[in-house]
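So, here's a batch of structures to check.
Consider the two complexes below, in which chain A is the common component and chain B and chain C are the respective partners.
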Partner chain A sequence: MRKYLLRRAVFGVSTLVGVSLIIFVVLRILPGDPLVAMFGLEGFAKLAPGDRARIMEDLGLSDPLPVQYARWMRDIASGSLGRSFFRGDKVSELILHRGPLSAEIALVSMLISWLVGLPVGIVSAFRPNSLPDNVARSASILFLAIPGFWLGMLIVLATLFWFNYKAPLVVVHLWQDPWANLQLVVGPAVVLGLGQGAYIARMSRSCLLEVILEDYVRTARAKGLKEAFVVLRHALPNALLPVVTLSGILMGFVLGGSVAVEQAFGVPGLGRALVVAVIERDTIVVQNLVLLYAVIFVVINVAVDLSYAWLDPRIRYR
Partner chain B sequence: MSDHVDRRTFLKRAGAAGAGAVIASRLPKPGSASAQDATVKPDAAAKRGGTLRYGVHTAPAHFDVHQSGTVANIGAQSPMYDYLIRRDPRDGQTIIPDLAQRWEISPDGKKYTFHLRHGVKFHDGADFTAEDVKATYDRIVSPPTGVVIPRTPLFSAVSDIVVLDPHRIEFRLKEARPRAFMLGSFASGWNIIVRKKTLEENGGNLRQVMAYPGTGPFRHVSRRDKEVWIMERNPSYWNKGLPYVDKLEVYHMPPFSPELGSAILTGKLDYARLIDPVTWRKAKETPGMTAAEFNQSVIQAVFMNNKKPPLNDPRVRRAMHLALDRHALVDVVKDVAPMSVGGFVYPFHELSTPASELVSKRLGYQKDTRPAVQEAKKLMAEAGHAGGLKNLTFLVRDVATFKLWAVAIQAMLKETLNIEMNLKTVQISQWFEDAAAGNFDLGISAIVSALMDPSDYFTAWYGKDGPQNYSNWTNPAFHDLARQIEREVDDGRRKTLVRQAEEILEKDPPLLPVSYEKIYDAWHNRVRGQNPSTFFGIYDVVRWDNVWLAST
Partner chain C sequence: MDSRVGVQAVPALGPVADLPARSVARELGSFARRNPMAVAGGLVGLLIVVVAVAAPLVAPSDPLKTDFRRMARPPDARSVFGTDQVGRDTLSRVIHGSRMSLTVAFASVLLGTTVGALWGVASGYLGGRFDLVSQRITEVLQSFPDLILAMAISMAIGTGMPAVIVAIAITRIPFGNRVIRSVALTIRELAYVEAARAAGGSSFRIMTRHVLPQCMAPYLVLATTHLGVAIVIEAALGFLGVGIPPPTPTWGNMLAESLTSLVPHWWLVFFPGLAITVTVLAFNLFGDGIRDTLDPRLSPAFLRMMAGGRRA
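Coming up: the complex of A and B.
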């Protein structure tokens, strides 16, 4: 187990180093100039070449790339993650302020995806080709097909025009005002959760359809066990492994999807901060947020791997 | 009533008449653009207290208002600062006293002397003096190394700034400039007065200094990046009785966004600026809300790379200019951004040809485009391009309005002159890189000016090597005329010269004017004291000192 964990840790760290290098290089070779955002149209147009060079130097963007990369790694090691080179705000403070909101959205959406996806998958699997199965499959395809940001826009417009409602404009943490916090989280979480729930429903249905044909399920039924007990105790745990794996992958989609969905709902989470940073070409903020997403993705995948042993005792790590 | 006038009464009346004559000589003539006796006074009927929630633009990219060119700074930071003189918040036009309670202009127009208020304090408790004004304007006129201030060219005629005493300062000019131009430059909302000590302590660069002290009606309380900037009433404000509201919350929201629109419609904001047309129309028909539109200091235009033949041929450029159906172009974006038809000079400025005359008489602006298109075809034939042009690169900024226009203009030029273009849509920063490098044939973007006065943008937009002359256009006759306009102090002669300049621009277009931007504001009727309908732009009247809330 320890060996396995070490191996996974080394693999995870090397993945993150690779990701950091890719982000770093891509952000610096992409065309575009952060000074446009900094000075506006009129100001940028009036910058002399010498001024541009001097300001880029002040921002640290004229240093050789290895020096800039080393500086970034040093900032990560110190925990500050550097500062936005526009306003000088600390990136670590941005993450601490907005991160909890995005984390809540991700966790609640994951919860919703399981609460919706699993029962739908179970009903579909145990009543294949019935009306509930057909309805569930159609609904899941619908939610797979609808882009989250579009559904988000519809919800925002519907609540605005029918109920004259708008969620709070600024970050409100759960511990500050739970009701206001719920208003910020619920919309994006439902949209993301329904999208993932569709995947979970389809995966759990197909896995359960395989498992319920196994001998041990037939035996359980032959013993006269109640159907619910057969499903929950015997079939489901064995069908869950692929669903758990899928959830780990879907968490990555949640992180990616939250960028667009937070934007659609106007929720001031990390996803929205990333969008603004990309528009402004605030390199320091973009590279740290993308790396943070990569760290979360790697950690979730390791956690998913470890959960296999708990779900299936036959699995041992070497 | 007695007819008898004794000696005392005579002296009193004579004195009063003399004082009246002196004051009258300082007062503006009717219709003049400045009023020295019109400092904003508190209104006894105004209600005090409450929090004003204002939504405008995304967060500033830095904190140095002087170095900025976007409303992201002005919108959030202006309430904390004052100017030397200002535009009257009641009409957005008249120039009235601010930190300078009065001013004098020498008869030759080469000296501007400002008399500063006594007892004004910065938010950190320091006294405001002429040294602060000098430090502020020294920086604007001659920015230190690494500092770029877009308004520097407005003060190119200033040779010396002299502190006469702690409350008197004199600006000496190398040569006279039109008074309206100079006063307009001093009253520009960008030219906030900052403390000399602040500039010294930060090496003259305030880009990363968040809350440097001002003398304005509101003081900094807190800021959440990209969310909200919170300010409180300055209890020591020099204009006693102002501001009315206790707290100001400036929310950063993308312009024209559904987020901003929904925030104002649901009452999460009291006042919103730069809202989209759909929200604006909804607000207009919503009971308890008011919506207003006003002109913005921005032209939307297509630039033509004059370094690439045949776009260096004025006939080809004029042909393209005539082939555009500008009314259709305004209509194309009507649900995205409000626009109006205009030519090369702000169509609402007193020196330009009025918009009504443009639309009714001038080719290229009429609703019936047939005569203009006929003339355009003739010009293309004369230039040897009767068969049209192929493979032109049209550089388009990745913005909804520009993308809609690009497709429409592509179709118009193809249909009328058989000009075929390939669209290249890029992000804003890439657009500027390509434009500067000349990697385009045509390019569409927006350019802004600080003032409505042509002497500001005739240099920046159309001047040889002007910073926003992306077409690389030159016309010696125009440049000579622009220099004359810059120096001409007589309004009548200046108007004649501007009209002559317009004629040159029509015949030899440096760009294709697409439209002039308008601004849509909306507010709940509990907000009183603000109506921007006559404002020009969103940069001058943004302080909220005279705004109050009827219900808090």
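Coming up: the complex of A and C.
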């Protein structure tokens, strides 16, 4: 087990090195001049060539690419992650300031997806092709097609229109003001949670239906146990394994989806920071945030793999 | 979103020659009976494609023509979906927006899945070091959430239509690569491929003539299931301001423009999003039907396709 863990870790780190190289290469072949993005076309034209060179030098963009890459790695090792072109802030501070909000949204959305998806899936599987099953399946197909950011915009519009309500626009942490923090988190979490819930419902339904055909479930029924007991106590635990995996994979989707959903709700999370940085062409911020998303993605995948062994003791890692 | 979930590797099957021949019409008839939702999805999807192609004929007015006497009007008899902040007709913009969305979706899925599939065939058939390196590259590409990778790429190469197509296509490559590689791995071991090798066929010839045709069915399943994903990514890029820039209307940048007024007008939010949802729903339903039909364990039609695409 420990050996497996070590190998997964080495594998994960080498993948992330590849990821960082790709990010670096993609962002440095930028055709646009970062100075144009910073000062605008007019401002850029006013700059003397000497000033241009000096600013490029200050930003560290005139060094050879391997030197720039090495500097990025050094910044990562030191924990500061480099500084934003525009604001001069450390990227690490940006992440610490806005990250908790996005993490909260992701976790609450996962909770909602299980709370909604699992009961729906169980009800569906109890009586396949009944009316509740068909309603649930249609709803999940619909939710798979609705873009989260659009649903978010509609919710914002509706609450504004009917209740004249608007969520706060600044970062409020859970430990500062739990009530204001909840108002920021709940909208995106519900939208993302329903999107994942649709997958969870679908998956738990089909897994339950599969497990219910197994011999041991038939035995449980033959013993005269109540159907609800058979499904919940005997069938469900075994049906959950693929659902857990799916939930992990969905967390990866949430990372991407939350960027647009945060924008729709105007929540100042990490996703908003990434969008702003992309539009401002703030390369240093973008490269770190994209890498951060990739790190989380890889870590989630490893965690999902490990959860297998924990949930199903038959699985042994070598 | 439905990308990493669902499509499974399809085991290759031996030739199936004794299935009764049926006409194409009857084949379609039975498909329709088994998958009414898929047919509905396919028809709606077809309708949307037709509207997109015929956009200038269908749209009631010019999507770029501003009218300062009719700014931000709610839906009425003259403009059924209302008008935007500068008096452009929303219905016309939604109709013209379908052109961009569908072009980007079809082109990027075609490009990404094809490149991925060809790569997968080579990787699965050739094996060895090439396969090892390919798998590592795929691994790295799959370590990014789709939308974030697409954002970074379109930031790097610009915001025009070709850039958006390439950005989305790159996020589709790993899926094609993975699935088709696993198909190629099983086909490589089949007797007739061995026979072709024994007859002195070159690797290139065997891959193109013997392995590639067998990958058609999973390729089609992949491509159709990814259409919906591509539409959502395109819309999200437009919404975030890194897609196709205005004034060209796309569903995504229309949603982004609706946010420019302090209190967004509901019709400017509702209709472009509805267009996205209906289109994605149609493509998803159609894709599900295709997948069910081409799933090896369910359908004799698939056995025939695997037998070489002929209706034996």
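Here is the rule we go by: the second predicted complex is superposed on the first by the 306 of 318 C-alpha atoms of A that agree within 3 Å, B and C clash if a C-alpha of one lies under 4 Å from a C-alpha of the other, contacts with A are read in each partner's own complex, and residues count from 1 in each chain.
Criterion: a residue touches a chain if its C-beta (ideal position, glycine included) is under 8 Å from a C-beta of that chain, and two chains touch if they have at least 3 such contacts.
This one's a predicted model, so the numbers in the text were calculated from it and none came from an experiment.
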Chain C versus chain B on the shared chain A, clash or fit after superposition: clash
Partner chain in contact with A:231 - chain B first, chain C second, else both or neither: neither
Touched partner set for A:249, first chain B, second chain C, both or neither: second
Which of chain B and chain C A:153 touches, first, second, both or neither: both
First, second, both or neither for A:273, with chain B first and chain C second: first
Contacts of A:293 with chain B and chain C, given as first, second, both or neither: second
Partner chain in contact with A:212 - chain B first, chain C second, else both or neither: neither
Which of chain B and chain C A:281 touches, first, second, both or neither: both
First, second, both or neither for A:172, with chain B first and chain C second: neither
Stretch of chain C, among 5-13, 113-121, 257-265 or 293-301, that runs into chain B once the two complexes are superposed: 257-265
Residues on chain A lying within both footprints (that of chain B and that of chain C): 31-32, 153, 157, 160, 281
Of all residues in chain A, those that touch chain B in their complex: 31-48, 51, 54-55, 58, 84, 86-89, 94, 97, 153, 156-157, 160, 164-166, 168-171, 266, 268, 272-273, 276, 280-281
Touching residues (chain side chain C, partner chain A) in the complex: 1-2, 4-5, 136-137, 139-141, 143-149, 151-153, 155-158, 228, 232, 235-236, 239-242, 255, 258-259, 263-264, 266, 269-270, 273, 276-277, 280-281, 284-285
Contact set on chain A toward chain C in their complex: 15-16, 18-19, 22-23, 26-27, 29-32, 141-142, 144-147, 149-150, 153-154, 157, 160-161, 195, 199, 203, 246, 249, 252-253, 255-257, 259-260, 263-264, 274-275, 278-279, 281, 286, 290, 293-294, 297-298
Residue ranges of chain B touching chain A (in the complex, touch as defined): 55, 58-63, 67-70, 72, 145-146, 148-150, 152-153, 207-208, 210, 224-228, 251, 253, 257-259, 262-263, 265-269, 426-430, 432-433, 445-450, 460, 467-468
